[in-house]
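What follows are several structures.
Look for chain A in each of the two complexes below; its partner is chain B in the first and chain C in the second.
Up next, the complex of A and B:
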C-alpha cells in the first residue's frame, strides 16, 4: 500500500470536512426544522423545571433553580456537539450496499465518518449557541457560572470523551445491519431511546431511585450528556470526577475492541446487497 | 324520502371505507408480522421510553408533592391522556410517515387515479401494529388512574368527548402535514415537529407561562387537545372551555381540509 505524506492525508480529510459542511447547507429546510425541534424540546424542559423550582430558594434532588436551568441550557450546547452527526447514515449505507463505495477508496472508513461528524457538529454548535442566546434573552433563566478552572478543564475533557464514545456507540448500533439489513432504523431507534432516557437527555438521572441510577451507571450512556453537565455544575468532588472520566475512557476502550471485532465479522457477512 | 336515501348512501359509503380500511390495515399488519424482529425492537423501545418517563414523573412529583398544583395521580393522568391521543393518532395515521416517497417519486398519481378518496388513502392507508399492541394496556392504565381521581359520570363523559375532539385536532394536524408535504416535499421533520409540539402537552399546560401558554392552548391547540380532556376528568373545565375546544376542532379541521385541497392543485407529478 502506498503511504501518503502526512500533509496529503490531512488535506484529504480537510476536503471531506469542507464538502460535508457544504452538504449540510444543501438541505436547508431539513436543517432548520431539525434545529427548531431542539428548541421545542428545550421549552418543555425549561417550563417543567421552572415550575418545579418556582420558589427561588428551593433545593430538590441536589439542584437549585440556577443549576437545574443551567442543566437544561447546557444540554442545548452539549447535545449539539455530542449528538449531532452524519454517521447515523452508516446503517442505511450498509443496508443498501453503499459501504462498498468507500471501502474501495483510499480513505479510512471510520476517519471519513468522524470527519463528516465534525462538520455537522461545528454547524450545529454554531446554531445552538445562537439559539441558546435567543432563548436566554426570551426566558431569562438564572445561570450557574462555574469558576473553578479544574472543573472547566474536566468538563472539556468529558465532552471530548463523550464525542468519541457516541461515535463508537453509533457504529456499534449500526453494525447489526450487516446481519439484519431490514433493521437499520430499528437499532438506531433503540440507541436514541437509551440516549434520551439513560444519558440524561430528558431529565437528570439522579432524580431516579438509586437502584435505577446504579443500573444506568453500568451502561455507557450517562457519560454522553449527564456526566459532562454534572462535572460543569461541580456536583462531583475531584475523586468522583476522575473516576467518571476513567470510566468513560474504559468504555471507549471496550467499544473500540468490540467494534473492531464486530466490524471484521460484519465485513465477512457483507454481501453488498442492493448494489 | 330524499333524506333517507342520502343517509343510506352515507352509511353505505362509511361501510365501504371501513372495509377498505380493514383491508389496508390487514395488509400493513402482514408486513409487520413478516418482520417480527423489527416489531419487537420498536415495541421494546417504545415501552422503555414510556415507562422511564412514567417513573421520572412519578418520582419527580412525589419529591415535590405537586406540579403546578396537580398531585401525582393527576400529573400521571395528564401524561396518560397525552399518550392515548398520540398513540391512537399514530396507529391510525402511520401512512403519513410514508407519504413523502409517494410525492417525490410521483407514485401519488396511482393514489389519485384510484376510486378512493386520496386523503383517506394517504392518511389511513396503513395502520401501525406496534401502536395497536400498546393501546389496550394504555387504556387500562388510564381507566385505573382516572378512577383514582373520583370523577363524576359527567366528568368521565366530558373526558371521552374531549378526547375524541382532541383526536380530531390531531387529525387536522396530520392532514396539514400531508398538504405541506405536497407543497414543500418535506414530511419527516414536519411530522417530528408536530410530535415535539404535542409532547408539550405531556404535562399540564399550566406549567407554561404567558404568552407561551396561550399560544399552545389556542393558536397551536395542544392544550385543547390534551390538557382540556384531562382537566374535564378532574372537574376543572368550564363551559366556555368546552365550547372553545369544539370550536377549535371544527376550525382546525376546516382549515386543514382547505389546505389539502389547495396542496392537491400544486402537485406536479414530478418523476412519474
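Up next, the complex of A and C:
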C-alpha cells in the first residue's frame, strides 16, 4: 500500500513550490529572454534540418524530413520539461556556504530542490506549449502524431523518469563543489556536454557512429531526451520500450544510492565557509 | 530525582574535549605556484579547536569572545550541526547536533550577522510564511509569534517590502523574526550587531534581553561589540587560538584584568611631560589633561609624587575602562586561567 505523506509535509513542500513560483516571476525579463533563446534555437535547428532534407524522399540514418522535424519539435517540449530547472544553483550555493541555511532547517535538501525544480518546470512547460503552437503555425512542419495510446502512456512515463534522472545527475555533478569550491562550474559544463552529445540534445544519437552509440547506451544520458522522443515516435517495439524504461529506473536507483553516499561524505568535509 | 541527574537535565549545552581540525591546501604564490599547487597540492592541517570544554545551563546567556580566527564561529557551527567535530563529545539538548534530527533543528536557530536567509527578491513575509511551513508551526502559534516579534523589533511596515530595498539594520531585524518564529530554545548568534548603527544595535540588544528572559532561552553569542557583552552577558568564555583561556563572570574578568588604574591630571600650566613618564605610562595627552596609567598597587604613591612635583589643578583616579580591557582580551593578551 502506498503511504500518503502527512498533511504537514504536503504543506511544507507546497509552500516551497509557491515561493519558487514567485521567485521566477521576480525575474520576469530573465525568464522571457531565456524562452526567446529557446525559440531561436528551434528556428535554427529547424532550418538546418529542413535544408539538409530539402530533397523530398531523402532519408539519412533512417530519418526522413518528417521524422527529423518531429524530433526537433519534440525536443523543444521535452527540453523544457526535463532540462529546465533551478537546481543548477546548488553548486554555487555549496561553494558560497549558503547551503547552511537549509541544513539548519527541518527540511529535506533533495526534496526542497526537487520541488523548486517542479515549479520552474511547470512555468517553462506552459510557455513551451504556447511557443510550440506558434512555431507550428509559422513553420507548418510535417508533424508526426502518435495515435497508439500505449506509446503515449510510455512516453509520459519516460518523461517522468527523465525528470528524476536529470535532477539526480545535476545533484551528483554539483557535489564535487564540497571538495573543490572554486571549480563548481567546471563539473556543470561537463554535464552539459554530455547532455548535448550523449542525450541527443542537439541531434538524435542514432546518427552517431555505432561504437559511440553503444558507449552512450552504457550511460544514463540517452534516457533524458533521446529515448523519450523515440518512444513517442514509436521507433522501439514494445519489448524494447519496456527494457529502456526499466533501465532508466535502474539508473535512478543507482544514482539515488550514490548521491546519498556522496552527500553524506560531502557534508563531512563541508566547511560552511563564506564569511 | 538525584542531584546529578538534575544537573545533567539543567545543562543545555555540553562540550567536552572538542577538537576540530581543517585540512587546507596552500596555494603557492604566482602563476607557476598555481600550476604546482594544481598537481602537487601542499596540504596543511589547521587546528581550529584544541580540546575545548564548557557547559551552558538552560536559560543562560553567554558571551563568546576572542580575536578573529580564534574558533568562535567554528564552535557555533558545530553546535548547530553544520560541521562535524574531529573528536570530542558534544551534546545539545540531549542531541548530537550533526545528526540534524528535525526535532533538534526545530529547537535551535543560528543567526549570523553576515549571512541572510530572507529571500532577496521577495518581501520578507514570504520567507516567514515559508518558515512557518518548514518548521510546521501551527497557524495560531505562528500568528502569536509573528505579532510579538514584529512588535518587539518594530518591523510592521517592512514586512511587505522586497528585501533588497531594505537597509542593513531593517534587514537584520527581519532576519531575527525569520529565525525566531519557531521559538527556538537555543540561539546561536554570530556577530548579530555587525554593521548596524547605534540605534539598531540597541534595538537588537533590547530584544535579545527580552527574548532570553521571556522564553527562558539559552543564548550563546559571539561579538566584537563591547556594548553587546556588557549589556547582555553575565558570563563570558574567552577563546584564543582554539583554546579557552577564560570561562567565568564578566565582571570578575574585568576586575582581574584591570591591573592598572588611570590617573587623570589637569595641569595648571605647561610643564615637562617627559618627567611624568617616569611615574607611569602616558595614555593620552591633551593639554591641560594628561591620562597616566599606573600599576594598581602604586596608585597612592604615584599620585602623591605627582601632586608634589607638578603644577596640578585637579587630579582624579579612575578604573581602566571596560572597553579597553576587553579590547586587550580581544587582542589575545595573556589572562590567567579562569575557575
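We take it that the second predicted complex is superposed on the first by the 268 of 275 C-alpha atoms of A that agree within 3 Å, B and C clash if a C-alpha of one lies under 4 Å from a C-alpha of the other, contacts with A are read in each partner's own complex, and residues count from 1 in each chain.
Just so it is clear, a contact is a pair of C-beta atoms (placed from the backbone, for glycine too) under 8 Å apart; a residue touches a chain by one contact, two chains touch by 3 or more.
Computed from a predicted model, the values in this text were never measured in an experiment.
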First, second, both or neither for A:36, with chain B first and chain C second: first
Touching partner for A:47 - first (chain B), second (chain C), both, neither: first
Partner chain(s) touched by A:22 [first = chain B, second = chain C, both, neither]: second
Dominant contact partner of chain A by residue count, chain C or chain B: B
Touching partner for A:164 - first (chain B), second (chain C), both, neither: neither
Partner chain(s) touched by A:186 [first = chain B, second = chain C, both, neither]: first
Which superposed partner A:105 touches (first chain B, second chain C, both, neither): second
Touching partner for A:197 - first (chain B), second (chain C), both, neither: first
Which superposed partner A:125 touches (first chain B, second chain C, both, neither): neither
Contacting residues of chain A [partner chain B, same complex]: 29-30, 33-34, 36-37, 40-41, 43-44, 47-48, 50-52, 60-61, 180, 182-183, 186-187, 189-190, 193-194, 196-197, 202-203, 207-209, 212
Of all residues in chain B, those that touch chain A in their complex: 35, 37-38, 41-42, 44-46, 48-49, 52-53, 55-56, 59-60, 63-64, 67-68, 184, 186, 188-190, 192-193, 196-197, 199-200, 202-203, 206-209, 212
Residue numbers on chain C that touch chain A, as the complex places them: 22, 73, 77, 80-84, 100, 102-103, 105-106, 108-110, 112, 114-115, 117, 119, 121-122, 126-127, 129-136, 162
Complex contact set, residues of chain A against chain C: 8, 11-12, 14-16, 19, 22-23, 26-27, 97-98, 100-101, 103-107, 267-268, 270-272, 274-275
